[in-house]
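Letters are used for the chains, namely A, B and C, taken in the order the chains are written, and counting of residues starts over at 1 for each.
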Amino acid sequence: MMEILAVLGFPLLGGALLAIWGERRWAPEFNSATSLCTFLAASLLAFRILVSGPLIVLNEQFFVDSFNVFLVVLTAFVSFTTTLFSRPYMRNEQILSSLSSQQLRLYHSMYQIFCFTMLLALLTNNLGILWVAMEGATLATVLLVSLYRSRESLEAAWKYFILCGVGIAQALFGTILIYFAAEKVLGAGGTALLWTHLDAAKGSLEPTVLSIAFVFLLVGYGTKVGLVPLHSWLPDAHAEGPTPVSAVLSGLLLNVALYAVVRCKILVGGALQNRFADDLMIGFGLLSVLTAAFLLWKQKDIKRLFGYSSIEHMGLMTFAFGIGANFAGLLHMTVHSLTKSAIFFAVGHAVQHSGTKSIDAIRGLIQSPAVGWGLMLGGLAILGMPPFGVFTSEFLILTHAMQSHPWATPVLLVALGVAFASIFGKVQAMVWGEMEGKTLPHAPAFLPILLHLGIVLILGLYIPPHLARWYHEAARLIG
Amino acid sequence: MSAFGLFTQILQLLLSLLLAPFFLGWLNQCRAWLQNRQGAGIEQPYRKLGKLFHKDAVIAESASPLFRMVPYVLFGAMCLAASIVPSLATDLSFSKAADAIALAGIFALARIAISLAAMDIGTAFGGMGARREMLVGFLAEPALLMVLFTASLISRSTSLTVIVETLAHRHFEIYPSMAFAGIAFLMVLLAENARLPVDNPASHLELTMIHEAMILEYSARHLALIEWASSIKLFAYVTIGIALFVPWGIAQAADWLGMAFALPILIAKLLVAGAGLALIETLVAKQRIFRAPEFMGTAFLFGVLGMLVHFLLGA
Amino acid sequence: MAGQYINLLASILLLLAFAMLSQRRIKSLINLFMIQGMTLVANTVVIASTTGQTHLYYSALLTLTLKVVILPWILYRMIRQLNVEWDVETLINIPSTMLVGIAIVIISFNLALPISHLAGTITRGTIGIAMACVLLSLLMMITRSKAISQVIGFLSMENGLFFAATSTTYGMPMVVELGVALDVLVGVLILGVFFFQIREKFESLDLKHLEKTEEE
């Protein structure tokens, strides 16, 4: 219980303090420190769960099991490493894009609030609060995306808000329908929205209502996952916001939204006793993978490129959870989150280094070895090259698909092939070649890139038995 | 066919013929008062009819026999319409002749007749008026049907007398569907009777007139019949409105005492309706003719919504 | 009797949704939004008094303060400061929008039919109307190009959802309702700031100017 309060309290308190002092010279360090504390608290929480099993506390409002504690740790970890990256990055930005002190305050404060809403969404046991937290995360990121207040960033933020606002309103309708179905079984009042109670009673929930509810929930939270055809906010928001925000959007927020979808799927699947929810997820997932893979080819903006790549991978995970490859799906969540944020770290420095986001204009990143190699290796990792972890998870998803849905395998292979060709060609061109870049006033942070890629590499070669047991436990919970 | 039925039928028809110009006069008088004018008096339509009947008719050289026939067709159609709408009692001998859908058909017949006559002479105004009339009518008719359907759905019959009887003799309930239908009906009434905001009955401005453009070539008794028919049409519409939306006080079959009360109640309702219409006409401005489809589209929308709401809410 | 009032109020909500769809003037749009809020409050109070669900009184009070007083006040203030009080939006093809609206109503009524059969609440018939209101607001957001009208569309969609919650289940748990209200309020404040920034950068609040970054 103390751990949960700490996990939620640190970012909230940090956000409040940074709203006052966010422009001070030591604010980035304070930001990192807050995230480090959150991460430590999350690790402690995970340890507790591993030792003593699921935890339901505070009037049943919070619920932690292996599934969400693993995402809590991942979220806390990536948000911590992102603050490390953001430290020199934002200092450079302050000079290059002349951010005002007010903007810096907003950035630091909203970053922590954003982490808070994501952790709240993961930890809460109440589907209504889950919705509130997701909407809160949208609002916080809208402010982050529009940070530069340029035409493009305002447009991206507006698009993001309207699309996700509309989408998430559909999710609220779905939540209302679930409450409506649950009220009949569990009685009126607070318990009818508590996930643990719903899970226990899922067999007796009304199937018709739940199937309609799931459509609304999938459309709603699916908009935030970035599933095609509801994805059009995602590349814009990734491209126009500050790079640390792109990293946490791709690495974390999409995961949290997918977490919400999966939680709902568990309920609906249990109530319906058929594959309706799974089939919907398979359909949306495949469509996203395919569309995003082919759209990758046309991208000219480096951040949009990796934004589309995120759509592709989120589609793959949705597909994986749809066919029941839960272990592979969870592993892919982890490795994608780590790899994609590492890529965005490298991309951020590359963009600062060359002063442009256009793929055609960025050349010779290898001059700064860590950026060049980081982007190259990150690119290879995200494309599913062995020995990185993405290869393992994609391999597992593909083999599982071959067993249960053989027809989907060629589709996936084509999509992965197209994605490989587009991204590899573009990344290679950017890394090699000749170009005079700027020298940055603050040296880039390499530690986060190395750390992330290192973990992904290790996960590709060897999954520690503790971790594997943990994944299996979580995969079993998803069912 | 009961004696009471026959009696009410004849009484109602006579009443419609006589009261129709009175209602028009009252409406115009209210409008005049609201606009701070003296007004021509309630009896003005009667005087006008009298004057026209005493004149010699002039007919265009190019007119065909159709042109002469139309005023009678029009007048006959409107008399039929007025006699099947229950305004005094729900026991009418003619009521079996036509139901709510046929009523819309009778109005359509009259519209087609007058449009043909307008085009018959071959003047520019006639053709223009006919075209506009058909446009408005074409859009107003579905809306009117939707209103009638909503009422039919509640009473499970398309016969006007049955509808009115059901609506009048059940205990008071709020029907949201009827509220929608009421708004739609009001809009249809305004459009079909050449009132503001679709047409201005007091204007002969060539850019905007619809009804007046069609009857420019008529004179004397023909014009009198047409004017009279239009006033009966307005009267019929108002009594449909009264019958559907405020039917209380209407007499039942063989209810002589009810009959005695029905007439004063009807006249009181007519006075209120006339004043209300005058108020609306004072408050709204004439719309451009191109906005008429939008206006009628809205009426149709309300009609459909009324029906849908009825299906969903059962009320 | 209460059921009749609820049905009437539900119909008024549906009517307001259509009125918003066809309203060209921004100020009138805010008025309509306010009336929508009042209808919701009336509806909630009627349900509360018939069913004896006391928490619904609180939620009615919350709706009253937020949706009838605070949000319209913020919006009025905003349009005055932005000087768009008398702006008229050019809406193309209102009749066909209306037809699409009718289609939406039919679809949502059909979709709601199985749910309303299951509902034991006195308000069962109104679920379809709530769904229709949500989707009509969505349609409104699609057909509008001005930033403020889109936001009003968003807010009226939230109203539709609130109506859905009260009519299907006599309201969500209070903690959720409070959270939703907070989100909406913060959202409107953020968007208010956005209006000024968009105006400053684009010299207009018309989002047609905002389509520079093409969809690739």
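Operating definition for what follows: a contact is a pair of C-beta atoms (placed from the backbone, for glycine too) under 8 Å apart; a residue touches a chain by one contact, two chains touch by 3 or more.
Model, not experiment: these values are computed from the prediction.
Among the other chains, the CA centroid farthest from that of chain A is the one of B.
A simple rule picks the central chain: find each chain's mean C-alpha point, then take the one closest to the mean of all protein C-alpha atoms, which gives C.
Centre-to-centre separation between chain A and chain B, using Cα means, comes to 66 Å. Centroids built from CA atoms put chain C at 38 Å from chain B.
Our note on geometry: chain A versus chain C, Cα centroid distance of 31 Å, whole angstroms.
Contact residues on chain C toward chain B in their complex (touch as defined above): 4-5, 7-8, 10-12, 14-15, 18, 22, 94-95, 98, 101-102, 105-106, 109, 112, 116, 125-126, 128-129.
Residues 126, 128-129, 131-132, 135-136, 139, 142-143, 146, 149-152, 154-158, 161-162, 165-166, 169, 172-173, 176-177, 179-180, 183-184, 188-190, 192-193, 206, 208-209, 212, 232, 235-236, 239, 295, 298-300, 304 of chain A touch chain C in their complex. The touching residues of chain C, counted against chain A in their complex, run 111, 114-115, 118-120, 131, 134, 138, 141, 147, 150, 154, 157-158, 161, 164-165, 168-170, 172-173, 175-176, 179-180, 182-183, 186-187, 190-191, 194, 197-198, 201-202, 207, 210-213, 215-216.
Touching chain C in their complex are the following residues of chain B: 173-174, 176-177, 179-180, 293-294, 297-298, 301, 304-305, 308-309, 311-315.
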